[in-house]
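Common to both upcoming complexes is subunit A, partnered first by subunit B, then by subunit C.
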Partner chain A sequence: MIRKSIKRNPNQISWLSNALLNLFFILCSIICVAPIILVILVSVTDEMEILKTGYTFFPKVFSLKAYEYIAASGQAIWRAYGVSLFTTIVGTLLSMLITCMYAYPLARSGFRYKTFFSFIAYFTMIFGGGLIPWYMVYTHIFKIKETVWIMIFPYLLNAWFALIMRTFYKTTIHESIIESAKIDGAGEFRTFFTIVLPLCRAGLATIGLFCTLNYWNDWYLPLIFVNNPKMYNIQYLMYQYLLSIQFLSSSSSFSQSSLAFRDLPSESARMAVAVLSIGPIVFAYPFFQKYFVKGLTIGAVKG
Partner chain B sequence: MQFQRSVKKTKPGFIQEIGRNYPLFIMLLPGLIVMLINNYLPMAGVVLAFKKYRLHGNYITSILKSEWVGFKNFEFFFKSPYAYTITRNTILYNVVFIVLGLVVPVALAIALNEITGKRLSKLYQSVMFLPYFLSWIIVGYLAYSFLSIEFGFLNRGVLQSLGLEPVRWYSEPKYWPLIITFFQMWKYTGYNIVVYIAAISGINREYYEAAAIDGAKKLQQIRYITIPMLQPMMIILTLFAVGRIFNADFGLFFNVTRNSGALYSVTNVIDTYVYNALRNSSDIGMTAAAGLYQAVVGCITVSVANLIVRKIDSDKALF
Partner chain C sequence: MKKVTKFVCVAAALVLSVAMLLTGCVVAPVTPQSPSSPQDSTAGNTPVAPAKEAAELIWYLVGPQQEPETDKILEAANTYLKDKLNVKINLTVLGYGDPYNNKVNTMLAAGDRIDICFTAGWAADIKANSAAGYFRELDSYLAKSSTITDIVGKAFMEGIKINGKTYAVPCRKEQVHNWGFIIKKDLAQKYNVNPADIKTMEDMEPIFETIKKNEPGTYPLLVVEGEAPFKLLDWDVISDDSIPGALYPDNRDTKIINQFLAPESIAMYKKMREYMQNGYIPADAATMQNFNDHLKTGNYFAICQSMKPGKAAEMTATTGVEWLDVNITKPVMANRDASGGALLAIPTSAKYPDQAFAFIEMLYTDKYLNNLFVYGIENEHYVKVSDNVVKLTDNTGYRAGNGWRFGDQFLNYLMDNEDPNKWEQFVAYNGQAFVLDSLGFSFDRTPVDAEHAACKAVTETYYKQLFTGSVDVDSTVKQMEADFKAAGVDKLIAEMQRQYDAWLASK
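Presenting the complex of A and B:
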């Protein structure tokens, strides 16, 4: 009803300015996707064509050789994909659990120390010991450098996510629900897992998507802590490829393969790896977008 | 164990609270352990900035046994030519990002909201939001596909066809302030548009209808209704950005530039400086001093920004 009345409203921009605005936003959209399209196009361009004309939006000879090459002899890539999948799934589940549990007491009005524990979390957002002591803690005290856990542990509790989750609890769970559960004889844990969390599904989705994105897109932890090529995740593997394409051929799995280095479609293969790493994000994008907007609205507007 | 240690530091009553509410404390425990290891233990390492670091066994004994040198590390750092360059770069880029990150998304969000086709408006939003979801590594690839000296689209596709000389992008500092700013905006504008669109859609339509009846033109409505209604959010988001003026986005300055040494004069920021120093393991003490300098100034700016936010709207303040 309201929509319709707006549509007929004279308070609408003119036909011409609407067309101009549309034109402008089409331009903006092109700027946003053009680089991605270029990378996709390069990944399916014939290698000789690239050597001749460089990366171009209008390749004349297409070839899927880069993808065939990766499928046939890209063990390093599949391994890195596996590492990324593992850290993303395990990391997201663990960090959701820890974040949700940490945020819950902070949202309880009856909990006396909620300000104190909130501050402990806030403080990590505003002050840090710096890169060097942080590096030393993980290399000298907790020796999880070079393992898959170093790519999971540091992101387990993000104070900002705990904050968003606390707001979700406060806005969706009324204290009387918790009280009545208590009267019915449910303990705190039972109330939390069977009543509170199912009611906060939207919040869980938001946090979960934030975490997934964090873990899938992470390259910083392997950059700092991982030297062993077997433990590279997909983002860090791509970082190495951009440094030198030789890495693609010199990593053990490739040198054993029957293909000679000369046949390696290096330029297109490099871009093909990038396309493969964007793939899952583009597929998940509609879900991401829906819940991100919800999460942002909670986080930014309602405060 | 964990509890007993913390009891000593806090006032009486804490222990009874634990007894009464122990399930809540158990829920806090995993998060507390993660923060203790990941955030609070490294904070103890700030003393490194006041020591001449030498390896003596493990982390704790090395820190304890290293010799105190007072503010010597800071002296070295501030006398080095880097201190000025990295501070200037960090602050200047952030100032540009703050201004553009306020004006551009607000203008685009208002414009998007005026487009009559709501489907189209949603589509533009989705497309512009996409870059936010890509990692800086991917953004580095995208930049490389345009800027590569041998094959890049700019050199081969544009400059060559115009008959111009190719540019060695990754070793020419003069273009980089623009390139860095472009990719920062490219990645985050869509995200900020979504935030502001959400705020605009929360404004009551009746204001606009009433204004239209009174004969207010579109621009006047924007000037006198939309912008004032967005103002609190604009101020708060900007203040938080100002609070983080001493922190640079490591991914942007590291990946998009491919950490090219030839560009350091305009692309080296505090975060990349500390990282490169750690990698080249030059002077641990001086690097720690640079890190502490950033942390302390950053902490002050965030706290001041938060104080102002709390004055404006206490619900929006962080603490």
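Presenting the complex of A and C:
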């Protein structure tokens, strides 16, 4: 760093405000990080200690029983990670492509059927067909139940994301840019892929992050469509562990002769599940963050 | 040229919006297959034997999980069944709670094919699905073959009927219930408590006092959510435990009352208040959950539970703390035993209902088949210690257990740590039951759906505080009474009474 100079930098703030600001943000960070650390610590605390003394940052007896219990399912968990990664990556890419392509004409002033297609998008935000028809479309018409695609297709186009994207195009891309591309001889697709999309990187990152989280956090599609344990994604697998543990530890009549569930690490397992399911996705955040901040501030900067 | 580009763009946009319709919502009405018309209406008349190719039975069952080696078990079962029924079993086990309920209810509603379906009041709701016509009436099968009726018992078969028709066959397990306490063995022995001497809850009070005085760190009584001495009143509820509307459990009359405001219940709330003030119940009882977890700590002397033979031994195995049984109420056969149980239904979407029924019957009669599904394959997943007693091996590939899901539980082998007379005791326990007049009545809540839901909300607001003695009784009961009135409890109970009277008259 720079050596301490006697001359004061005109932009420098006093050491007191500096310290106070730092303190404030350190506190904020602690408030955000502490619960996660607590979750991790509880997940490695001995079950009996949790029951007796409650959650603590300083566990006396460490135990990996919760993880052992989950690991006892063997391959299942790696397979579930695989399914989750596949659906997240493929789903996000496909979904971004479709969202961007749907939103783009809606942002262009010259498009004649703009109102009609906007209406279709708005309409799906307000009205839905209900669970059973929705289910039947995928199972009886597309017949993709029990395939990995069932965890991708239903979330391909989210009207809300399309509208965000449309606004992005409108504020970032000036008509004159497209016009000049046209004058230089670029077709619609070329303009879209080589001029418009690169200029909207911040918007893409925003939508991308939403989609990634959407796919990664999803447990509802497997809950409705997937019966084969080999096709469970990580969130649903964890959800099922939790439900089984909860059901067996809170009902008296059904715990009888349940051979596999004698010493359930229920509290610590709950936390272990949380740790495992946030797993890889935390690494996606720093990647997107750079653009995400830009995406949020872009409107303000442009004025 | 420009026109062509434009056309391409419009076409692309159309394709994309169609994609949106398909992903987001369905506008075009998809005619659902009428659930009352089975996919293959001729299947009902197909005789079992002549089918050349093995009939595939799709079987959905609730459980902890699909066991990793289920395929092996199915292979063994299919080989065994080949000559007997010529069927092929395709079993899917879905997790307790949401996984089973959501999937199976959706499949039933969408008319997806299921040949055998586990159902109960708490899983793929038997009342709702029967009323919607998703389950086949089984009375004609039962009239032809009395095997299941003979094994399960006539009274109980009457109890599981809905509007006079049988939509599912009950698995044979405990068919009656009674309430009592389990108490911690070491403390009971230390203070010379003989469980047989305890006849009422009041008999427990001196013991609670001794424990309170001499055992710091141990609470005499654990009350968690519904696991409360309120259960000792044994209300014969019309709808379920959280809905006002119940009969006295002794056939004294046919008048339905609001059990939460009955004098007996108010006396019970006051008793709990007294216990709380005496320090018998932990102060934060109203917010506790998962009683099994708390029992594991060994910090509690007693908890009110639903009893059955070998209850204490089972709880000892579950919690790792030794317990003794204290029976308080008399065994009663009521609607809660019928709908709270475990049943197997044949949906209307079944392709092979005849074979499905024949297979279900075998689960009640064939000891080998029954135990194959419960314990797995002999010498692989378990070894026989003696003729009827088994020991599990280290192979955890198939640990289904939960034998109450597979027809006749009394056919299950016993584990080496279980009472060798377990099933005889169950038979005796079922035999001594007092049968309530209301057995077989099922309440249709549709005319009073709003009141039903509103009253449930009121109960859920108050029951934990009152059951644990956490609040002043008189003022809270007054408030609850007013809330019930506002929620339409009078209309609800009047409707219950009307339906019950009509049912009694038709009986």
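One rule holds for everything that comes next: the second predicted complex is superposed on the first by the 189 of 303 C-alpha atoms of A that agree within 3 Å, B and C clash if a C-alpha of one lies under 4 Å from a C-alpha of the other, contacts with A are read in each partner's own complex, and residues count from 1 in each chain.
Simple rule for what comes next: contacts are C-beta pairs under 8 Å (C-beta built on N, C-alpha and C of every residue); 3 or more make two chains touch, one makes a residue touch a chain.
From a predicted model like this one, the values you see are computed outputs, not experimental measurements.
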| item | value |
| --- | --- |
| Which of subunit B and subunit C A:I31 touches, first, second, both or neither | first |
| Larger contact residue set on subunit A - subunit B or subunit C | B |
| Which superposed partner A:S244 touches (first subunit B, second subunit C, both, neither) | second |
| Subunit B versus subunit C as contact partner of A:S118, first or second or both or neither | first |
| Which superposed partner A:M48 touches (first subunit B, second subunit C, both, neither) | second |
| Partner chain in contact with A:N227 - subunit B first, subunit C second, else both or neither | second |
| Partner chain in contact with A:A274 - subunit B first, subunit C second, else both or neither | first |
| Partner chain in contact with A:Q12 - subunit B first, subunit C second, else both or neither | first |
| Contacts of A:V39 with subunit B and subunit C, given as first, second, both or neither | first |
| First (subunit B), second (subunit C), both or neither touched by A:Y135 | both |
| Footprint overlap on subunit A, where subunit B in one structure and subunit C in the other make contact | 51, 98, 101-102, 105, 113, 117, 120-121, 123-124, 127-137, 139-142, 153-154, 156-157, 162, 187-188, 239, 243, 267 |
| Subunit B - residues contacting subunit A, complex | 13-14, 17, 21, 23-28, 30-32, 34-35, 37-46, 48, 58-60, 62, 108, 111-112, 114-117, 120, 123-124, 126-131, 133-138, 140-146, 148, 150-153, 155-157, 160, 186, 190-191, 194-195, 198-199, 202, 205, 208-209, 212, 218, 221, 233, 237, 250-251, 255, 258, 274-275, 278, 284, 287-288, 291-292, 294-295, 298-299, 302-303, 313, 315-316, 318-319 |
| List of subunit C residues in touch with subunit A within their complex | 5, 9-10, 12-13, 16-17, 19-27, 29-30, 32, 64-66, 68, 92, 94-99, 102-103, 106, 109-110, 112, 225, 227, 289-294, 296-297, 299, 305-306, 314-315, 317-318, 320, 340, 392, 396, 399-404, 412, 415 |
| Residues of subunit A that touch subunit C when the two form their complex | 47-48, 51-52, 72-74, 76, 98, 101-102, 105, 113, 117, 120-121, 123-124, 127-137, 139-142, 153-159, 162, 187-188, 223-224, 227, 229, 239-240, 243-244, 246-250, 252-263, 266-267 |
| Interface residues, subunit A side, partner subunit B - complex | 2, 6-7, 9-13, 17-18, 21-22, 24-26, 28-29, 31-33, 35-36, 38-39, 42, 50-51, 53-57, 97-99, 101-102, 104-105, 108, 111-113, 117-137, 139-142, 153-154, 156-157, 162-163, 187-189, 192, 213, 216-220, 235-236, 238-239, 242-243, 267, 270-271, 274, 277-278, 281, 285, 288-289, 292-293, 296-297, 300-301, 303 |
